[in-house]
Amino acid sequence: MSLEITEPTPVIISEERQVSDTRRELVLNMGPQHPSTHGVLRVRLTLEGETITGCDPVIGYLHRGVEKLGESKRYAQFVPWTDRTDYVAAPSNNLGYVLTVEKLLGIEAPERAQYWRMIMAELARLASHLVWLGTHALDIGALSMSLYCFREREMILDIFEKFCGARLTTNMMEIGGFSRPIPPDLPDMIRDFLAVFPKRQREYEDMLSANPIWLARTRGVGVIEPDVAINYGLTGACLRGSGVNYDVRKAQPYLFYDRVDFEVPLGTHGDVYDRYLVRMEEMRQSLKIIQQCLDQVPTDGPLKLAESNYVIPPHDTVLTTAEDMQRHFIWVIKGFSPPKGEVYLAIEHSKGELGHYIVSDGSPIPYRLRIRTPDFVNLQSLPYMAEGAMLADVVALIGTIDIVLGSVDR
Amino acid sequence: MSDERQIAAMPRPEPWRDTGYWGPTDPDAHPAVRAIREQFPDAYIDAYSFRDEMTVRVERPRYRDVIQFLRDHPDLQYTMLSDETAVDMLRLRDDPRFDVVAQLYSLRRRQRLRVKTGVNDGELVPSLVPVFAAAGWLEREIYDMFGIVFEGHPDLRRILLPEDWDEGHPLRKDYPLRGYREYVQPGFEAPAPRVRSRLRRP
Amino acid sequence: MSAEVLVFDILGAIAVLAAAGVVLARNPVHSALALVVSFVNVAAIYVILRAEFLAAAQIIVYTGAILVLVLFVIMLVDPDNLPEFHGGRPVQRLLALILGLALLGEVMAAILTRTIVGQPGPWSPQAVAAVGGNTQALGRVLYSGYVLPIQVTAVLLLAATIGALVLARPDTPRVRALVRDTATISLAHPRGSEMANGVEPALPALAAGQLKLEAGERTLVMAKSGDDFLDQPVWGERHQS
Amino acid sequence: MNWAAFLSNYIFAFIVLNVMLGLMAYMTYFERKVLAAMQDRVGPKRTGPFGLLQPIADGIKLLAKEDIVPKNADRLVFLVAPLLSFVLAPLSAAVIPFGGTVTVFGQEVNLYVADINVAVLYVLALGGMGVYGIILGGYASANRYSLLGALRSAAQVISYEIVLGLSLVGVFILSGTLSLVQILEAQQQPLSFGGVQVPNWYILSQPLGFVLFLIAAVAETNRAPFDLPEAESELIGGFHTEYSGFRFSFFFLAEYINMIAVSLLAATLFLGGTDGPIADGVWWLAAKAALFLFFYIWLRTTLPRFRYDQLMGLAWKVLLPLALINIALTGLIRLWGLGLL
């Protein structure tokens, strides 16, 4: 009954190079179909016995040419594409793009909309950190962590679904604010989540933080000194894990992060365990931010800067007033043409600094749209950390950088 | 317009004007611009600001020296290279075809700065890798997407596109959106069939 | 021909054939497998002789440990630089044949003329049963009459292990070349800048409230505003308050 | 030859083997259900009432799967390796005493398959031979990396087998015998400390030995925190990567039988097998073995994996010295007890 396969399909391609007469180097391919590379990442490792001597990440398997597409779509049409880059924290991507366009146009969303944007961005940070924790622990062996984390993430996705109808590709933010009203029972739903989550997070910490095997697998692994981290341009928890205080929400506050009181955790050793502690603390700080936003958000007031010509008029007045109908018609057919100029704005995405650089030539279509994604730059430090590490540590290192291949490859 | 909208908190006039995240908006008052002017008089071309951002344009040969200077100057200290990218200025101007743009960020002074330099097709740009290790992949992506060669880069090869991509560099303005020809995956004869669905325009 | 003798003959035959297989097999791993088969048969013969401890020891020590290590070597070493089994110059082969035949002749002579007959030792089956089985008997003899040989072999094995450890030690642990020297930055951080004057700047003042003790003897430093610790990252053990 | 005794013994052995195979099948189901319960989900529920037919469904699936033999594999060895580890696994249940002697239809039947006076050594020998299934499986797949994975798990099993053996020496010193039946009898006489009736289970007098045995047993069966060679199969491809279909299930099920066998052994050696407060019987043994199986699954859900060097370091630098200390202490106490000190 056993069929012999004619020619062996090379799942693992390896060459053995003779380095010197006594030592022989093994080149090993990990990926691109690999359970613990968080998507289609291929890592070419050169091994000498057990330790890694060279590591070359190969990316581009999920490259969809997002920037080229950006140069053929109008400003408002590009928003759905932003939540396809980092599909784990879509609202943050929307926010990054929309804020940059608003800076280009020189307009600002009304106060109520900005508060709701902050709430949604922080919820996206929580969702992204939960996916990170689940897959990171699963790679190192703690099976049930991913189940617990996704159980909590489910509650956040329900909130997104009630707010904008979609769980993953939310496409919720628009230039100028929100066009749909806020569902009345959404704040209570978020408050229930805020009440439940701290207890659940203590469960994660009981399982991992003091677990000797987890400590053995993460402490002292993948150490990055602060100046090396700065030099590699790392941002987010990878940088703060090494003790450098750079959080865009504190360094260059956008929206109303200056009105909200929260703290930025900094690690002292810059290894996998410190980045784990930093991200866990970030989750707690996000809860604090959401709580304060819910208290401070005005319950009524406009959700959209309706009077600006750059913004699509609200649905209700389009059907009733002739002037709005005409503005709506022009906006949809011709789009709006922003002033000439170039703009770069960075926000604190869950993985680091997400920056958008838009060059506008005055036409309704952006001339150049550059997305600076944090995990593309953070992934550069993998060879630095992997050199001299053990083979089993590569899985932990990929987990600690927290990459999503959609935003690495764009 | 309905009155409910009038009473909306009127947005601050010129909201993005006075954040101070990029330093003073007047080029002459900006410390970095003044330092570059006196340090590199020949390399400095001009500096202009838009919204609250400050951009400095420098000559191509002195690109790396200016950025090294900005990084090591004790009271400028632009210690982090946030992003490095390129813009194909084919339709905006004709002389130098590309613009290589570096977004710098000073951790110490919490301010950003943008340094631009014009590059023609085929000219060499001094690579930033000796100054910032972050530039490694950023420049590989610029080479992959625009074909700009960086001199001094340790291993400049394609990063996002497959190694055997022989159709030039996609982000150039003269590169068609769908590419010159269908991409045939190695090991296959015909390209992947394109699904012609009735709903979409032919 | 009682059942025991019949079984003994079968096991003996398989053991001899397997032993022959060890020599004749082309693939070294197959010869190792043949050796496993012969060891197991010898163990079975011990069981027939009511020497269960020897049988268990034979399997645990020989097949379970020594032969596994032999297999390790055979599998890890590349087949092409394994010593050539069937090579050897003609002179060696002739000499080997002669010596082999001589040995065979002696053994056959001894067996056929029954000149070698073991003298029954003090341990008759009844004495063994009285003590409670051959394991107990072996234990008594081993640790009464033969204590010295045991200590000597123990020391010998210890020396062998230490020798193996020294041989297998990796030559020199490589220190990771820090990338810093090529791209140092001058964030006024002692290890960042070239430490021109060799003096490490003072530690940043840390308000007590800012330290957050975590599990695994680690502390997280909580920065209140964007300006804290900007000239000096919180790094290293110095913050164990 | 007393044919009646032989026949009854044979029937009992047949029953034990089938019970072991049945338990093995439903062990997979038990594991998936408990794993699911611990992870806040439900586990197999579709196949049959409460998912009880899941093991049969898995078996049929594996049977139907294509059985691929790699082209340049060493065919004979490739086919034999899984059989070797699958056959050796249930044999160690032969020495486990499931009870005293029972008269059925007037025929004396002792509830153990065989009472060898070197029973524990026999189990260790089987463990030693089980390694060959792994090594040959890795070698025969002709895939350089499943060979490396196989050699790693072989090295792990050998190191922990030594710790396993030494951790039991304490029990041998106390019970004075290697035969499980006599060890069970020794544990059945309750000790009395000042009127308090304490069962003489060896877990009470050999706590360190018990812990060492447990850790070594988990590592010996390549389970839970010690499953690195298999888990690292994501990188290297553990020894059973090239196997598919029913041949793979031999390896997969051998692991479960090993777990059951070791749990029975642990229950007999340390928790006084069939000895229980109210009525002695095989149900006590089953309960204690189930306790150990639950412990296996509990480990698997909570603990992350060791790294390979930590795993080997633990065996040689921590567990082995502890085992030797345990032997020395037990020996001294024994001598002091006999007054020979």
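Per-chain residue numbering starts at 1, and chain names A, B, C and D are given in the order in which the chains are listed.
Here is the rule we go by: a residue touches a chain if its C-beta (ideal position, glycine included) is under 8 Å from a C-beta of that chain, and two chains touch if they have at least 3 such contacts.
Since this is a predicted model, take the numbers as computed values, not measurements.
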Common touching chains of chain C and chain A: B, D
C-D against A-D, pair bridged by the larger set of C-beta contacts: A-D
Distance from the mean Cα position of chain D to that of chain C, given in whole angstrom: 22
For chain A paired with chain D, centre-to-centre distance based on mean C-alpha positions, whole Å: 46
Chain B and chain D: spacing of chain centres that average the CA atoms, whole Å: 62
Centre-to-centre distance between chain C and chain B (centres being mean Cα positions), rounded to whole Å: 58
For chain B, residues that touch 2 or more chains besides their own: 79, 107, 110, 132-133
Overlap residues in chain A, where contacts from two or more other chains coincide: 228, 230-231, 244, 251-252, 384
Multi-partner residues of chain C (each touching 2 or more other chains): 179, 183, 185, 187, 226, 230
Chains that touch, pairwise: A-B, A-C, A-D, B-C, C-D
Chain C-facing residues of chain D, complex: 74, 77, 116-118, 121-122, 124-125, 127-129, 131-132, 135-136, 139, 147, 151, 154-155, 158, 161, 165, 177-178
Touching residues on chain B, where the partner in the complex is chain A: 1-2, 4-5, 8-9, 11-12, 14-16, 19, 21, 50-51, 53, 55, 79-83, 85, 87-88, 91-92, 101, 103, 107, 110, 112, 114, 132-134, 136-138, 141, 145, 158-162, 170-171, 175, 177
Interface residues, chain A side, partner chain D - complex: 1-8, 11-12, 14, 28, 30, 34-36, 50, 137, 140-144, 147-148, 151, 207-208, 211, 213-214, 216-217, 390-395
Chain A residues within the chain C interface of the complex: 49, 205, 209-210, 215, 219, 225-228, 230-231, 242-245, 247, 250-253, 263-270, 273-274, 277-278, 281, 384, 387-388
Chain C residues touching chain A - in the complex, by the definition given at the top: 170, 174, 176, 178-180, 183-185, 187, 189, 191-192, 212, 214-216, 218-226, 228-230, 233-237, 239
